[in-house]
Amino acid sequence: MALMTKEQYHQSLKELHPTVYILGEKVENVHEHPLIKHMQAGIAQTYELANDPEGKKHLVAESKLIGEEVSRFVKFYESQDDLLAKVRMLKFLAQRIGTCFMRCTGMDAINAVGIETYNCDRKNGTKYNERLLNFVKHMQENDFAVCSGVTDVKGDRSLRPSQQKDPDMYLRVIDRDNSGIVVRGAKIHQTGSICAHWGLIVPAREMLEADKDYAVCFAMPVDTEGVIHVYGRGTLEARALQDCDLGNIEYSKFAPMIIFKDVFIPWDRVFLCDEYEFAGQMVRNFGNYHRHSHGGCKCGVGDVLVGAAATAAEYNGLARVSHINNKLAEMLKTTEAIYGCSIAASVEGKPTASGIYFVDPVLSNISKLYEGKELAEVIRMMIEIAGGMVADVPSDKDFENPEIGPLLVKYLKGVEGVTTEDRVRIFRLIEKLAFESRDIVSNIHGAGSPETHRMTVLRNADIESKKKFAKRLAGIKEE
Amino acid sequence: MALMTKEQYHQSLKELHPTVYILGEKVENVHEHPLIKHMQAGIAQTYELANDPEGKKHLVAESKLIGEEVSRFVKFYESQDDLLAKVRMLKFLAQRIGTCFMRCTGMDAINAVGIETYNCDRKNGTKYNERLLNFVKHMQENDFAVCSGVTDVKGDRSLRPSQQKDPDMYLRVIDRDNSGIVVRGAKIHQTGSICAHWGLIVPAREMLEADKDYAVCFAMPVDTEGVIHVYGRGTLEARALQDCDLGNIEYSKFAPMIIFKDVFIPWDRVFLCDEYEFAGQMVRNFGNYHRHSHGGCKCGVGDVLVGAAATAAEYNGLARVSHINNKLAEMLKTTEAIYGCSIAASVEGKPTASGIYFVDPVLSNISKLYEGKELAEVIRMMIEIAGGMVADVPSDKDFENPEIGPLLVKYLKGVEGVTTEDRVRIFRLIEKLAFESRDIVSNIHGAGSPETHRMTVLRNADIESKKKFAKRLAGIKEE
Amino acid sequence: MALMTKEQYHQSLKELHPTVYILGEKVENVHEHPLIKHMQAGIAQTYELANDPEGKKHLVAESKLIGEEVSRFVKFYESQDDLLAKVRMLKFLAQRIGTCFMRCTGMDAINAVGIETYNCDRKNGTKYNERLLNFVKHMQENDFAVCSGVTDVKGDRSLRPSQQKDPDMYLRVIDRDNSGIVVRGAKIHQTGSICAHWGLIVPAREMLEADKDYAVCFAMPVDTEGVIHVYGRGTLEARALQDCDLGNIEYSKFAPMIIFKDVFIPWDRVFLCDEYEFAGQMVRNFGNYHRHSHGGCKCGVGDVLVGAAATAAEYNGLARVSHINNKLAEMLKTTEAIYGCSIAASVEGKPTASGIYFVDPVLSNISKLYEGKELAEVIRMMIEIAGGMVADVPSDKDFENPEIGPLLVKYLKGVEGVTTEDRVRIFRLIEKLAFESRDIVSNIHGAGSPETHRMTVLRNADIESKKKFAKRLAGIKEE
Amino acid sequence: MALMTKEQYHQSLKELHPTVYILGEKVENVHEHPLIKHMQAGIAQTYELANDPEGKKHLVAESKLIGEEVSRFVKFYESQDDLLAKVRMLKFLAQRIGTCFMRCTGMDAINAVGIETYNCDRKNGTKYNERLLNFVKHMQENDFAVCSGVTDVKGDRSLRPSQQKDPDMYLRVIDRDNSGIVVRGAKIHQTGSICAHWGLIVPAREMLEADKDYAVCFAMPVDTEGVIHVYGRGTLEARALQDCDLGNIEYSKFAPMIIFKDVFIPWDRVFLCDEYEFAGQMVRNFGNYHRHSHGGCKCGVGDVLVGAAATAAEYNGLARVSHINNKLAEMLKTTEAIYGCSIAASVEGKPTASGIYFVDPVLSNISKLYEGKELAEVIRMMIEIAGGMVADVPSDKDFENPEIGPLLVKYLKGVEGVTTEDRVRIFRLIEKLAFESRDIVSNIHGAGSPETHRMTVLRNADIESKKKFAKRLAGIKEE
């Protein structure tokens, strides 16, 4: 099969029947739910753009695995150019969707797991890599959307998996036989899981021998028996539920918790089981790749932040004001640094034994550090530029009221030539960009938290050689 | 009459019948509306605490005007100690309410107007000050809650009031006779207006002679005929509407737009009309006072931010982790600087001709600059410390569902000794503190935007004397 | 005796004969040395200004101890007003001297020691406080300049005093008899020691019982036998040695290392000896006081930084440029926050058992944190405003050369109405303000390093009560 | 001729006899002067490393122009790979030299001028490009060191060249005939000019028709008659003059002012004369290239900063302390962002009509913005980590003194296993890295000041397309 169209994607989801709870209710036709459809629209747009002439350049490439054009979202990184193309694809999409479109988690997980299944097989004579390649072929041939599953609930964060009072605080194998394994646990923040076809589940941290049962990696369809998706509530639910004041009129994000209630996985979808020494490296690979993904994506969102701020300034009658231009430049300073470091992490990428290319971890983590801290200041500057109206602009429903609607149209007018409606729309978009908790918290905690990024930078930065440079210049002789 | 109790306050509001629209509906018994009652609760708490032994020390003082104990919220600032007491009162309240309690806008407006009515009378032989004193006596004797009204809708922000295409973009006098004036226009961001008894309306900017009709200051009950309050929607309405997932379980903020649809004001409540040269100084006074108020208030909220982050860390099993302690110290660095500069602005306060004490404008504006920028980073650090769960923790409704409720209790458990319920509560509080648009945008735009604060700092900082210090040290002789 | 005049101060130093080494040479008439005289001039200016009508208000107050007017530099802090007066005095002086004038270390040490001698006597029946009062009387009666001595050389910083391989890495008592004690060790960064009359030596850290010999506090004249001052070289020695290109044409700072080569101290000048449990508190007191001192001083220097930048902009033809004004406001934001927090730390000061007033440690340390980090950015902005000329403006000697002098006068001219000479003077001043290592490093490490300040903030900030505020608002009940 | 060796470079300079003034003296054998030789050593090291196997990979490439291997310092940028190679070369060199080595200004100027001579010829039928190619051939064949000359003295910075009261405040053509032109004016901050063979002089700003005489670009040997180099004094002259306490024991920077006292330039070395519309683009090209150069160079210096800080921490006994690691990671965050944005600016480079590749101006300017501001904080963190000893460590001369030398060796010892001498050396290096005015000011003002970089970012960032992205997502339809 070739690449799916947007319509085929929507159709394909109808064949899936995941178990989903939303705000306390079990929901049957989940893909029509007002809180689900905006995320689904974002993912659908990635299918649409793969069939668009300009988008295709970014989104589609030949797969060595099946010898056909496939979506980059299910392709291995086989060169520095693939890594570059990925960053540019994500920027291209984020400019047009303005929020998360979910598919990079699966892409990054496929590559992260690919490196370690190869390493594990080489060391232990296992057959994980072959299974993974079969899985990826299946994804490529069907153009499926794959989400990853990484973050365990973790319980007491000062304890290792095997030390927790409740042994299920990290996902673990509770049974196994000839046909497969049974897993129990829960993964949180599974962006858009309800709108994916498959999940690729990866350990969340390094493991010791005592944690062996937790060293498990596998794939499963999102509607596998025992898999329960719980929609976690974010900040702006009233808008989608009332179908007004959306801000981003088409797209939005959510990130359910997935509970694995004793789920059976057949062996041919298992890519790690017991080999604890590869667990940490799998998730570190994923993290480094995914911080690199954020580089393109969040720069694209950054373009929307800059564009929204500039539009609001213009609508307020403040285009070309010196301090606003200064702030726009400062906003770009951060967003382009995020992008630039991801581009550089691609160019300095290196092949692994598996043939998959790895990103430069120092640069990809530094990109993420700017997202984790300075991007919050970009958003604050957007609000500063837009003005106080972002706090509490009246609702679309107020505008529809015959008594006060005309008064609002009169009084909320900005500069000549722009309708009040459009001015309100840009304030609503800015509100969405600044206050959608799933997006904002992802800037900070997506792909690991800033402390993880700092540690990764330090571990990879070769401080010893830098000390040598300093000592040599100081005239210190080393024995 | 003595100070009102909380119950008397609630009762007193029932006698008012403001015209209010909420999300497109005209609402009759507005004080019972789920989107209104949490703000009312915050204001009520200021009455409650005035009757509490510890709170009374902060909230109550003797008025020279009526020779009785009154609420500081309707008292003139008659000494540096009054200015200090105000900052400490606001910190005390904000620690206990965690969001806006509205009454400082009225307090600051009374003092700002007090200075200029005195100056105007002295110059022009008007009688505004006497009227104002009568108004303030009335407020003191009845212990009323007073909101100010400052921010006009402004239209094209590059144009002066009289230059706007629609002359109503700033509030203006459209008619006058022996009995009073008629005003038209709209003021936005009127925090809690629906829960106040009176409004004190102040011009929003300096005026030239052409803007004379806009140089108008007056007071009116919030349910005056023609006054329309439009509840502007913020980010978290679903919570109050569904009565769950509140975060701050008792208190919240809103800030309506008030439309003046040809409202009649009798002369004895008019404190400026035509004397345009005092308009700018009134609002500058208000701004400087109100930035000083933010110093105490936002430091108090800051204590809640720090406390919430520290509690979340403890509940996650991460108390006493070095990088978290470091972040807590950095959070305090900002919140205490905000407080410290307001305290210093009090100590360096000076009496005006009216006898009212004025704050040091450099220090009060610098306090606000830290709130406008660095406080956003404090909030980001709170999220960083708390972890990704702040993005999308399941709803109270999910916990109530018999199928998934027990699974959520199991999987969202943190450290031993803390219930899952309490852990979720702290995440919800953090979500509320980080994503309530009315609070966050107020940090940036409340009491003017950062550019205004910078300009005020520059205008008051006596750069010329600093140049003299530098030149003298450099050996540059001035003629 | 009354307050000394500037001339009397200079004269009084001639009677002292400290042992001093400068750049490898033992120097006899040290007070005439080009590297010493600029610091001496700064201290002399504090005497001069105490006799000036405006300066006297800041510098002189009545001592309860001797019932006469004394310099605040040798007075106890007996009220919040004394703490306020101190901050304002230091700002006043720093605006006029532009660098360190040394005397606050002694003032802060006198008070820090005063609190603990009182506490120690009360607990142990010792007589330290009486001795200290006698010492202070002597200082007051003679209007002496007192430097403190705190920072030991410390050796391996991961080890306690008694754990060091060389036991002399912290100053210690090596012998004692009826007449007194003998001490050995070295203290670094002793600002201006060569121009003081007396030193007051304080332990540098908390001590355990094993460190008893290191728990020693005493006073001695700076020319006591065995006391060796080693001038530590800073960045700009060529200027003073060549007597040109000084920048600050009168004043400069240095901070020798003092070696105690088995120095005898009579008992009546010993204020702690063995009572190790008071050592830590002494230095913590000193630190908290001295960070408070920096608040006034560095804000005063900050005024010079702002003034120098504004002057350079004007001389370049760039007065009133928008981005420069913006930077001046940002510079003030930091310098006034430093000041404001010190003022607030005074107002929130509290009396100790000794009667001496203590500063609020949270606010005084936060003031210092801004100095330690953000003040560096103030200096960077000064350079940014002034332009590249700060890097390498030709020397006064170049201007004196008949061949190139006129060409330089021609080509380095800025705006009309300002001589090239004055323009060069302001660049030189800026260079001095930005690159004098003693000043810049003092911003960061003076009165302890930023990590110490952070720890002090955390230890004193009462996080537990902040957690209670948060829990109450979240609806978490505490048992 | 092949590539020069280090010795050949030193020898070649002896044949040049530039007119040089140093601190008021005319100097004859300038290349032996203590203030000159350390810069010369840095440039010499670029020759040495071109002949080293590892260095050659970075420094040497085939020139299409002469069909031979040449130094990249005199080569055109003919591909994205050339731009990448340049950034990596500069990082490689800066790690080993720790300060400026001057040659990138010439390299960037050659390319900047190359683009515009081509454009000018195409438009005006001039022959500038051919002359430039001949000049570059000559540089390549002789492996000469070329410095650029850009920054005019500028007089009153609010006035254009032709508006200045003294017409010589920008370099201009004062006479011309068949053989060539005569120029007058002065250029400041000409890094290492005295140690180059040739200078390539470029206009400093855009010009209007009235400024035609100022639109002049040419090359000349540094000892051309009438060319006067005035060594501008920086902060650390005493060290080189006394030959001790150098910090960086081999290398240092200086940046003379060059006065053109009516200098004759033959036509075949003139690359622009009168065509004012190309002047601005020449310097903008140069700026964008040179900011890109800083990306590699300052990241390399950054490695030295990080290495020096880490070494000092280790020598103090504080290796592996958590807050120090945190700061090292923060230092890397900035230095690698500087590097990463320059790498990305290369990858996103595009060919110009001339065939020369141009860098992405948004990314190259953003790299420079981090250098201009955040690198100062990196340096501050280095000082914070190293400790107060950086302020005023005793001189080498003190250590040589037989009386105090042994005491200093004793007392300034740090951790076991490191000599006091080495510890002092690292403090001296840090002092040099933090306080050499030529380096620090170059971070801020080299290649234009931050405001220029911001404007360049804004001008090139295509804000309009970003506004479109935002409007589309908000549902705003554009006509």
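Letters A, B, C and D name the chains as they come in the text, with residue numbers starting at 1 for each one.
Assume contacts are C-beta pairs under 8 Å (C-beta built on N, C-alpha and C of every residue); 3 or more make two chains touch, one makes a residue touch a chain.
Note that the structure is a prediction, hence the values are computed from the model and not measured.
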Neighbouring chains shared between chain C and chain D, ordered by label: A, B
A-C against B-C, pair bridged by the larger set of C-beta contacts: B-C
Chain centre separation in whole Å, for chain B relative to chain A (CA means): 38
For chain B paired with chain C, centre-to-centre distance based on mean C-alpha positions, whole Å: 40
Distance from the mean Cα position of chain C to that of chain A, given in whole angstrom: 51
Interface hub residues of chain B, defined as touching at least two other chains: 323, 326
Of chain D, residues touching chain B in the complex: 322-323, 326
Complex interface listing, chain B residues touching chain C: 84, 95-98, 247-251, 303-304, 306-308, 310-311, 314, 325-326, 328-330, 332-333, 336-337, 339-341, 343-345, 347-348, 362-363, 366-367, 369-370, 422, 425-426, 428-429, 454-455, 457-458, 461, 463, 465-476
For the chain D and chain C complex, residues of the former touching the latter: 21, 23-26, 151, 153, 155-159, 165-166, 168-169, 185-186, 188-189, 228, 230-238, 241-242, 245, 254-257, 259, 261, 316-318, 323, 372-373, 376-377, 380, 383-384, 387-398, 400-401, 403-404, 407-408, 410-416, 431, 434-435, 437-438, 440-442, 444-446, 449-451
